[in-house]
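See structure below.
Just so it is clear, A, B, C, D and E label the chains in written order, and each chain counts residues from 1 on its own.
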Amino acid sequence: MSDPQDRLPLDDTPPAPGEVQRQPGAMKVSARTATVLLLFTIVFTALMAFTHDMTKPILDASAQAQKLKLIGEVLPPTLYDNDLLADAVTLPATPALGLDEPSLAYRARKGGEPVALVFEACANNGYSGRIGLVLAVLADGRLRAVRVSQHKETPGLGDYIDPKKDKNKSNPWIEQFSGQGYDLALGGHWKVKKDGGRFDARAGATISARAVTNASGKALIWIAERRAALFALPAGTTLQEKTP
Amino acid sequence: MITALLVMALGAVLLGAALGYAAVKFRVEGDPLVEKIDGILPQTQCGQCGYPGCRPYAQAIANGDADINCCPPGGEDGIRKLADLLGREFKPLSGEHGVEKPKSVAVIDENVCIGCTLCLQACPVDAIVGAAKQMHTVIAPQCTGCELCVAPCPVDCIAMVPIAESMDSWKWKYPVIEIRKAA
Amino acid sequence: MRRLFGFWGGIKPDSHKNESTRLPVAKAPLPSLLTVPLRQNAGASPRIMVKAGDPVLKGQMIAAPEDGLSVALHAPTSGHVRAIEARAIAHPSGLAGICAIIEPDGAERWVELEPLDAARTSPEQLRRRLREAGLVGMGGAAFPSYVKAGGTAIDTLIINGAECEPWITCDDMLMRTRGEDIVGGAIMLRELLGARKLLIGIEDNKPEAIAAMRAAATRADPGLEVVAVPTRYPAGGEKQLIRVLTGLEIPYGKLPSHFGVQCFNVGTAAAVHRAVSRGKPLISRLVTLTGNVAEPRNYEVAIGMPVNELIALAHPQADTDRYLMGGPMMGFALPDLAVPVVKATNCIIAASPTLFPAPTPEMPCIRCGACAQACPAELAPYELYWFARSQNLGKCQEYHLFDCIECGCCAFVCPSRIRLVDYYRYAKSSIRAREKDKLAADHARERYEFRLAREEREKQDKAAKLAAKAAETKAKLARASAGDESAPASESDDKKALIEAAMAKAREQTTPALNTDVHRMTAEQQAQVTVAEARHAAATATAAKDT
Amino acid sequence: MNAYREITHNGLWKQNAVLGQMLGLCSLLAISNTAVNAISLGLATILVMGMASLIVSTLRGLIPYEIRIPVFILIIAALVTVVDMAMNAWLHELYLVLGIFIPLIVVNCIVLARVEAFAAKNPPGAAAFDGVMMGIGFVWVIGLLGAIREFVGQGTLFAGIDMVIPGLSAIQVLPEDYPGFLIAILPPGAFFVLGLMIAGRNWLDARANERARQRLLLAGQSSHA
Amino acid sequence: MLNSPYITKPASVSAVMFKVLAALLPGIAAYVWFFGAGILLQIALASITALAAEAAVLAMRGKPLGLFLKDGSALVTAWLIALTFPSIAPWWLIVLGVLVAIVVAKHLYGGLGQNPFNPAMVAFCVMIVAYPQLMSQWPAAGFTDFAAEFRAIFGADRHLDAIVMATPLDALRTVLRLPETRATVEGVLGSNATFGNIGGRGWEWVALGYLAGGLWLIQQGVISWRVPTAFLATLGLISGAFALVDATQYAGPTFHLFTGGAMLGAFFIATDPVSGATTVRGQIIFAAGIALLTWIIRTFGAYPDGIAFATLLMNICVPLIDMRTQRPVFGRKTGKTPDGRQP
């Protein structure tokens, strides 16, 4: 849709090259268009490639930073001094963690001493879809913190499990898990109050809370029971479960 | 980087060649749009739009050189139809080309006419009959009411007379909704 | 018992028929002046045969049928013609039409009547009689009867005595009092059409009429069937009655005769009988005078009687605020009471705010669909309303606007009080006007293009002439320079050849320019001037026909 | 410079890409949940539009008519890719939010429409100016849309400004305990608010037209008198 | 000068609307009996807001106030909103909902007769998306303490724990979603004393009230029997079919028909003439579509009851439905002539 206003009296070149009366042959036109398009392609692909090369190192660095930031939410960097990302072991696909693919567990140490394990888990019974969790379990078996890494819960209803969406900024719902020991879970009290447990859930929106609570409880038990083995494994290896 | 370049270059050559070839092979002659626009215009051939007739104006609209609101005889109704056809927004009739008038026919005052044939030459639809030194007259059913004959007449004997309503041309009016202010 | 069919929709308004049937039919006195509109039939006007000052006899033909659909017109009484001029006539527009103004002399002298024996007269002659007696459909459409009484093979003839509109009783009274005439006319029409069956349909709210007609029918021809149809407006609509009696649905754009059915109003049938066996043309009719009047009754009224003089007979009440011609569903309010009664006038209703309250304000359409439930044409009135209101005329046609019979059922039931029919009338006349404009525009374009082609040709002719002249001069010069005078013959031959060559060249150049138009011309080979003239004449002729 | 004034008027109001021509709605609706997101995407669009218009106008003599669209797209795509990579590198947090919508600028009809309708027919100065003006037209609309949605939805303005300019923080306009009107931030809210904005524009235009007509009528009367 | 017809049937929009209001009364009575008089507060609140908003917008649009206020359409919208919102929702929630319905859903689209969407359902959808938590707090059956309800509606501090209870639909979905509990429909509905055996204690009686009112409306000729029949039959059939396949995971027809807004939807929402289909076949398709979508949303969706969303989705389809279901007009049907002659 071209409006007459689009053609301003600034230009003295003919308006559209197509209107020129020459009628060259099809082959000649194809050759010309192919050449021109080729030239443009080379120039602009080069431009893109150049930018790519320029930004690649920065991109790699920021991907790394991104991961550390997520970990930092459950385990502040001041608590450890090792290269966390390098000190990782692979966990097999574990139903207790809600994962059907192998995942990584990072080991935080301070002065060589085990501090905490950072790992992923997943709650599969959220209101809508899976809820991804990142947990940090301290060496004494207490949960350092848990965060939701990704979810699709109903906005405004179930999404308070993510502290960024939680209206109560000073005391987010998910903070109530911090510092709880795994004995609580073993004792069967790692549940929302409605189910007879210890944890709150907001009225009218218990499904998301229940899913996160149950998943984090199960994950905590599983990891806490294997924490010694996990710290002992050499970096880069996979945890081998003995089949009972 | 080299692979990227090569892939892009190959695509460019193929596409460029194909497009150039297609542009020549499948060139469309003529413009059906002009016909459609011309079909909407009232065919008064009055030239009020600034073009020498309805078809040139249609061509100009199709080319995007002219706006759709330059045809006073077509009126708002015509602009609406053009806007519909071209998917443009309706605009009120542009004032510089004249205003919408009731449909009229030219009438020659036969007592005054000197038979100069100037109006015959001006009439785009040959609706005036007569010969040099003879009295002229307008064939009313043929007259489109374009007013082109009025200006050339040296003795000002042509008047535009609005067509009176007859039983055949009478129309039911658009219902006027009277909502009583019930407050 | 005949099996009856239903039709979709329809309404049951209060019938108000008893008011005007209590008193017997009376003859209205002659007015001081009769105003006879020239055009009282659908189609073309007849040609006027009298001029101001001429004496006329009662039943004398004052206008003869013209080509096309038109019927004759007669003087309703004896007297003389006062004037032929435009007067307000009964039409919703209030516009004037040409009328013959006849001043009665009170003598009521008849013109010489020529009764026919229907059994011994050829169908052709009978049809001519119908035309010359000025017969039109008296149900309201005023379609020339001679057209409907001929042509294709008809299986069933239907005489329409349904009279479904409230208030109107002229057909009812006609059937009660002139059953013989109706039956006689119906049988004539049956013979004329060669119909096998003859049905007379009457709404079952007119038991007296049914009884009278049954009696008349049994006397005349036992094969004739008088059928009582359920009372539901608009059962008297032609299409609806055909549907009820035969089950056939006549679509828009088709005539009942395409389906082997033909339908006449009872009034028309009676008029046919009078016109044939008594030779009397259609110069009077029954008109119901009812509503807000002291003495509602039916009158036999001469065509041309001014409505105001007629109304006075029934003594309208003081609060009467307007008069309706026709029924309350499809009639119209008279813009001027001086208008005359015409052949199609069946009823005059005095309206008062109590009888016909002013409508409450229109509310927006809530698409409740009540109109669709009531529409006998089975349209979607709410959609049509929407499109007509937004002037989307194309969509109106897509939703079959022209199938609408303007019966008013939709507006009757609308809870939002929307005057739906007004929108349809508006849309219909807009579409008609638009189509007319389109024709005119196409015509103008053709003429304009022809003119362009002509100008182009003239230019080339001129160029050719110039070239020829130049050649001539050149030849002359050449001859002069040669100084040779011995061969004048060959010289002139030479010159002629040169001119001819130039002309041929010019023709060659002109022909392609003209090609665009040549296929429309009648004689390609003719000299171009003749062609142009012929074309011009043809164009003028079509234009005249169009308008 | 009358022509430049007209370009400005076209870009900002008369042919405004969003309110006037309803182009680029996909990214507009998706990314306008907060003012910062909206303005950031808008700024990226301005950058791309200005540069694309400049380049196309400069090279317009070289581009054969038959392949103008592929060439335009190529140019726009290259520019967008560059912006995308640069943003990923230097404004990573914001990049995570705007995500898919940066590459989608390529197919944002506004860019191609302006390049085709204007830059291909006008000299580079005017073309670049037009691109930027069209971009500004986009930015003010998307920015306003984002601001309204954010304000109504959560009672703040410029939440997440720290992603662009570290150190700044959001303005809490309404009290902290404002319950929020969540739907404004969700996709349906985008449609509601944009619909209201378009209605507002049409209303203003209608009013201006009416006034112009009144003026014309008055002028006509006085000239007749 | 007026044209024909000069007579009309005595019927009006306001008569239709007030009959609809009257038909809601039995349902409201049951509501008050089981869930307290709070609902009356909400209805009053909604009515006042609706009339005020309607008057304000009409004045702004320069329309005659008296004429349109009397038509009763605003009141119908207000009552439907009050009945679909939780009766213990805070006052501002219902006020906001009514404003959304009247100002946005009704008048921004052109007022009475022009709104493509059912205003009450627009209000419900907007509010449940904006305030899902508040819109999910329903009163417990048998809790009829008016003072507590008054505090819940108008109080600044809402202590709801005592009076809030999940609706049967909510409870059913929530529990069935938990894989580890291995809950069954019967386990959730049957074993719990707080639920009625049919559609949830109390709720089934409210539904019966709506059913009674709806039948009266059909008898009065205000609504067509086709819409509720198509609605209830579709909902019954689809839920019945799935219950036959797996009765432990899918609730049966009695539950679906007598819980949530099914009856209200069948008789009072799907029958809205303005936003619903108008053709006969279209009405059936429209109502069946709402029922089908309702069941899908109830069973698989993210929000408790699906009537509102289903209605809006079908509202979108109305122009298409109406266009595709136009009946052939008089004389244009094929093969309808009795003696086989084709028109």
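Just so we're on the same page, a residue touches a chain if its C-beta (ideal position, glycine included) is under 8 Å from a C-beta of that chain, and two chains touch if they have at least 3 such contacts.
On a predicted model such as this, the values are computed, not experimentally measured, just so you know.
**Student:** Which neighbours does subunit B have in common with subunit E?
**Tutor:** Chains touching both subunit B and subunit E: A, C, D.
**Student:** Measuring centre to centre with C-alpha atoms, which chain is farthest from subunit C?
**Tutor:** Farthest chain from subunit C, going by C-alpha centroids: A.
**Student:** Any idea which two chains share the most contacting C-beta pairs?
**Tutor:** C-E
**Student:** Using CA atom averages as chain centres, what separation in Å is found between subunit D and subunit E?
**Tutor:** The separation of the two C-alpha centroids amounts to 40 Å.
**Student:** Roughly how many whole angstrom separate the Cα centroids of subunit B and subunit D?
**Tutor:** Subunit B and subunit D have C-alpha centres separated by 37 Å.
**Student:** Would you mind pulling out the distance in Å between where the CA atoms of subunit C average out and where those of subunit D do?
**Tutor:** 61
**Student:** Which positions in subunit B touch two or more other chains at once?
**Tutor:** If we look for residues of subunit B contacting two or more partner chains, we find 12, 15-16, 19-20, 23, 179-180, 182.
**Student:** Show the residues in subunit E shared as contacts by 2 or more other chains, in ascending order.
**Tutor:** Touching at least two other chains: 64, 67, 129-132.
**Student:** Quick one: which residues in subunit C touch 2 or more of the other chains?
**Tutor:** Correct list: 92, 361, 419, 422, 425.
**Student:** For a test of understanding, state which residues of subunit E touch subunit D in their complex under the given definition.
**Tutor:** Within the complex, subunit E touches subunit D at residues 104, 108, 126, 129-132.
**Student:** Considering the complex alone, what residue numbers of subunit B touch subunit D?
**Tutor:** Touch list, subunit B to subunit D: 12, 15-16, 19-20, 22-23, 92, 95.
**Student:** With touch defined as at the start, can you tell me which subunit B residues reach subunit A in the complex?
**Tutor:** Those residues of subunit B that touch subunit A are 1, 4-5, 8-9, 11-21, 23-25, 64-67, 87-88.
**Student:** Would you pull the subunit D residues touching subunit A in the complex into a rising list?
**Tutor:** Residues 3, 6-7, 10, 15, 60-67, 70-71, 74-75, 77-78, 81-82, 85-86, 88-90, 92, 96, 117-118, 120-123, 126, 180, 182, 185-186 of subunit D touch subunit A in their complex.
**Student:** Could you please specify the touching residues of subunit D with respect to subunit B in the complex?
**Tutor:** It is residues 64-67, 70, 74, 209, 213, 216 of subunit D that touch subunit B.
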